[in-house]
Amino acid sequence: MNRTLFVINPNSSPTVTAGIDRALDPLRTAEGPAIACVTLAEGPPGIESQRDVDGVAAPLLRRIEALRGEAAGFVVACFSDPGLHAAREATDRPVLGIMEGGLLTALTLGQRVGIVAILDRSIPRHRRAVGAMGLNDRLAGDRALGLGVGDLADAPRTLARMVEVGRALKERDGADVLVMGCAGMAGYRAELAAAVGLPVVEPVQAAAGMALARVRLGW
Amino acid sequence: MNRTLFVINPNSSPTVTAGIDRALDPLRTAEGPAIACVTLAEGPPGIESQRDVDGVAAPLLRRIEALRGEAAGFVVACFSDPGLHAAREATDRPVLGIMEGGLLTALTLGQRVGIVAILDRSIPRHRRAVGAMGLNDRLAGDRALGLGVGDLADAPRTLARMVEVGRALKERDGADVLVMGCAGMAGYRAELAAAVGLPVVEPVQAAAGMALARVRLGW
Amino acid sequence: MNRTLFVINPNSSPTVTAGIDRALDPLRTAEGPAIACVTLAEGPPGIESQRDVDGVAAPLLRRIEALRGEAAGFVVACFSDPGLHAAREATDRPVLGIMEGGLLTALTLGQRVGIVAILDRSIPRHRRAVGAMGLNDRLAGDRALGLGVGDLADAPRTLARMVEVGRALKERDGADVLVMGCAGMAGYRAELAAAVGLPVVEPVQAAAGMALARVRLGW
Amino acid sequence: MNRTLFVINPNSSPTVTAGIDRALDPLRTAEGPAIACVTLAEGPPGIESQRDVDGVAAPLLRRIEALRGEAAGFVVACFSDPGLHAAREATDRPVLGIMEGGLLTALTLGQRVGIVAILDRSIPRHRRAVGAMGLNDRLAGDRALGLGVGDLADAPRTLARMVEVGRALKERDGADVLVMGCAGMAGYRAELAAAVGLPVVEPVQAAAGMALARVRLGW
Amino acid sequence: MNRTLFVINPNSSPTVTAGIDRALDPLRTAEGPAIACVTLAEGPPGIESQRDVDGVAAPLLRRIEALRGEAAGFVVACFSDPGLHAAREATDRPVLGIMEGGLLTALTLGQRVGIVAILDRSIPRHRRAVGAMGLNDRLAGDRALGLGVGDLADAPRTLARMVEVGRALKERDGADVLVMGCAGMAGYRAELAAAVGLPVVEPVQAAAGMALARVRLGW
Amino acid sequence: MNRTLFVINPNSSPTVTAGIDRALDPLRTAEGPAIACVTLAEGPPGIESQRDVDGVAAPLLRRIEALRGEAAGFVVACFSDPGLHAAREATDRPVLGIMEGGLLTALTLGQRVGIVAILDRSIPRHRRAVGAMGLNDRLAGDRALGLGVGDLADAPRTLARMVEVGRALKERDGADVLVMGCAGMAGYRAELAAAVGLPVVEPVQAAAGMALARVRLGW
């Protein structure tokens, strides 16, 4: 079998890719598959609009096709799951999206999910996706930090804001589990969980975990 | 105000565009806006896969931006509503998709909607979109002709197959209104309705009608 | 074809009818159909209870039948859509209700709809109707002005209260589009939209727009 | 307290009222309240269309108001629950509808409910009501006998057709409990249950049972 | 027929059983069936966790089987409906759960239900049950007193807290009917309703009322 | 960290446990955690009724508590997910159920899920669980083999019947992915997938895969 699970960051930020790569370390095993995190050079610095989502689908698909020969599977590491279903048409390998994998994993950690979004305009996009997945009844709320992907590298500000938003999701919306709504938030998981007192799903880890099992099982 | 509603056929087939153009004739008025049907040369001959849908979003968006100065509004005339939400970000003019406009109009003609799809693989894509629109409870069924966009020009075969599928949607799934699931089916509306005995929505007409009202109302 | 779309105000207030009539001006075209707004003399001054809704159905239906010979279509211009489905049984012309047409149009302008109701007791009635339409997943909230139909003519008070309610729908309930929940609010659309910063649907305009297209298309 | 629960048959058929009256015998107790079954003389012979439903609401409401002084509560004994919510506005006594009471009781006897309707055109009306009640997820199917209210008195034909429809609801739609969709079917409950092998809810009995408890409890 | 409806309190608190017994007095009639309230000695003092719910199912079922010979029917008088569906497998007599009976009855008193829970950790359990019953669309909110079953006997504190929670369900969540989420709250119904200004369902009364009707009807 | 993921078969059949153990081989890695499959001696030979499900919860919970000191996590390997939520109360280690893990994984392989159940009476239990999980909109159908847990060891008969049921789920219900509804079916996955032409989820593998990722990630 092919030996590498490719986790593709569809934005062009190597900082985000590096953060993802660190976050996936605990999932690496000698038996493999290897996990390779790659940056989509053609992507925008951050995927923050529907235009960004739609625009990145075509280059992402080309990258997936270029990697197909050596790929054991793929994770699309952007919380808008760009190109996810087209990628599934293009390969018979497992393809997971991180919104999907993050939300599905959250369903095993709580009854009502709160999403920590980056921007207000992300929210209708998330709502459409949650509806497409048939998960409306499990969504407690979706609240935005008001920070773009690039802003997430400013750790103190980001964490403070994440805690505020996480508490609002818990106290006002009744969430009992949180999902971080951007691959660029990976480094804040443990601190957010401790501060808010709820389990927090890092969606790249969640999706990669599901993909690895699928690769190893061969289906 | 701008004087033209642009109805963009995102596939590259002038035959389909011509069929749409004829179908919209009854909606043309002296007061305007004018209705111009245009073909997206960069599109595929037919939009039949998620890859086609995703791939056409970027050129469609460029076309919308190029037309923005003279546009009163836009209709995206493909039943997968490619690029619809990105287009709404790109312009403050009304933008309607034909899946959306077709389904919403069908809700005023019956309680349970049946979709006449082109291909089996269209169905999960439709289901995701219906879920994103929050309309699951109004969908009776979605059945495919097994004919690609190009095949729809073969009138006797297409109509015969549409009637079979329409009857299955009525009798087996309980649909009391049908929506034609491709812009290339426009010419068959009246015959299908008569043969099946149910109201049938031609989605380009439906979406254009909603867009014209919005243009005239100025919101 | 018949030349007139009848927009029937089922309450007996000519002021409301006059407001509707003005609101529909932008939809009038030389080609027609003409748009005639009529007041149902047998209706109550305002339709504010389920009793009012149920009671007005029979006289409304008689009026529709009396107008049938000259009608191209009908709009029932009360946000409770009284008699809508009975009217559809009574004529093969298009019949639209303004709650239905208003909500469906709102679905093309935002992901989550907020309804600006007149009275608290309207809200369970709206909820039942939204459920009957299968649109629960798109409803963000429904909040009341605490003003009866007659009170709506007091412009400063009404507008101030609409803005308060609109902001609560946006900020507390997460609505990204508003629908005005009474035909008597037609004159406040633009100001409300500007003050709240969201698109606002005037439901008589929305329903009439959908009805006009149906009339012109002949289905 | 008032001593009588009024069960109002909104159609004008004394035969139907007599059948209801017999069906309620087991619920009568010395302590009361008494159960009086009354026929609404102003009603149509059968309530078979939305027009019938809407038209009967006003006279039904007048009857309820006339009986208010001596009533302990009311049951509206037509499966379309005409005027139910207006009646609740008109009295602080318990008011139950038989569609509502029948479906809610069915939810305690099975997971997925099948409705035995009289006519095909009843079905969209039922679907709207089921949606308004928020019970879509528990509805397995709704199938019609093709018999009007008056036809139900022909016992052999009716029962034979009810068994056919009941079996289709069980075998094709997966229903594990049936609700009889007309007050005029009361006499067939036991035979239908035995023939199909599923529990069957007689909705007048179900609604009257819920109403009696409410009367005795005083809330 | 058997003469006794057994209302089984699955916690071991005779105080709770005594409160239930008083609450059911208005439902007793000479014709019967008799209503006997019994305490499950093997139960925990209060059922406050999923472990309590699961653990009580087996002894509850044994008790139901022991009573089967003399039982006309059963009510499981704990708001988590422990063992409800297993009990239905074990007897052909009517078996009602109080969460189920309470919620279904609430649906006839308002459009959106608020649940007054005992503890925060009850809420995800309730949400799962509401989803299993297909009633998500009717749930306005679920808020906890922060009091265990044993604490409910402290009347002033309990009532004060119930009123606070009831008001939050009404004002913040939009509930128009409340259900008390524990059999131990039976004595507070009238005061809570008066203080909050909403109908309040006592779920043991509601379920017993439905069970009595079923027993008398013989189905 | 603890080194062992315990996969507990709550029925007492070592044959089923052995089949599970083999199925999990591809998920074993040197880095661990180890995967130990254990049989619950106190369980019934097969879990085929709600009584079986409820009855096994208490001994299962005791076993989980006994293993807590050495456990990295748990999988409850029965498709009714007995005791799942109580187990989550009892330990802060990851606990996955196979119905939950199987269905969630299926959502990444198709849009509409078909469940291959063992017995007809399993179906309402499944429906309740699917509703509790909020996944109704993704369920295409649930059909039973008519074979008990013990019967599944008869390979030719079982596989033949699985293929029949799988085809009905695909062709009549529109499923595009299947989930095997019993841990005892593990050995038939590949053959069923090949014969029906749909992806098939083996739920113990799916849940164990999700649990392993959670263990390795430490959340």
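Just so it is clear, A, B, C, D, E and F label the chains in written order, and each chain counts residues from 1 on its own.
In the analysis below, a contact is a pair of C-beta atoms (placed from the backbone, for glycine too) under 8 Å apart; a residue touches a chain by one contact, two chains touch by 3 or more.
Just so you know, these numbers come straight off a predicted model, no measurement behind them.
S.K.: Work out which chains are contact partners of both subunit B and subunit C.
M.R.: A, D
S.K.: Hey, what chains does subunit D share as contacts with subunit E?
M.R.: C, F
S.K.: Shared numbers divided by all numbers used: is that above or below half for subunit D and subunit F, i.e. same or different?
M.R.: different
S.K.: Counting C-beta pairs in contact, does A-F beat B-F or the other way around?
M.R.: Between the two chain pairs, A-F has more contacting C-beta pairs.
S.K.: Which chain has its C-alpha centroid farthest away from the centroid of subunit F?
M.R.: For subunit F, the chain whose C-alpha mean is farthest off is C.
S.K.: Quick one: subunit B and subunit E, Cα centre-to-centre, how many Å?
M.R.: Each chain's C-alpha centroid was found; their separation is 51 Å.
S.K.: How far is the middle of subunit C from the middle of subunit E, if each middle is the mean of its Cα atoms, in Å?
M.R.: Taking the average C-alpha coordinate of subunit C and of subunit E, the gap between them is 42 Å.
S.K.: In subunit D, which residues are in touch with two or more of the other chains?
M.R.: Each of 124, 128, 131, 133-134, 136-137 in subunit D touches at least two other chains.
S.K.: Could you run through all the chain pairs that touch each other?
M.R.: Every pair of chains in contact is listed here: A-B, A-C, A-E, A-F, B-C, B-D, B-F, C-D, C-E, D-E, D-F, E-F.
S.K.: Inside the complex, what are the residues of subunit C that reach subunit D?
M.R.: 49-51, 53-55, 57-58, 61, 82-83, 85-86, 88-90, 121, 124-125, 128-129, 131-134, 136
S.K.: Given the complex with subunit C, which residues does subunit A contribute to the contact?
M.R.: Residues 123-124, 127-128, 131, 136, 141-142 of subunit A touch subunit C in their complex.
S.K.: Which of the residues in subunit C end up touching subunit B in this complex?
M.R.: Those in contact with subunit B are residues 26-27, 29-31, 94, 96, 100-101, 104-105, 107-108, 133-138, 189-190, 193, 199-200, 202, 205-206, 208-210, 212-214, 216-219.
S.K.: In the complex formed with subunit D, which residues of subunit B make contact?
M.R.: Its residues touching subunit D are 110-112, 137, 174, 176.
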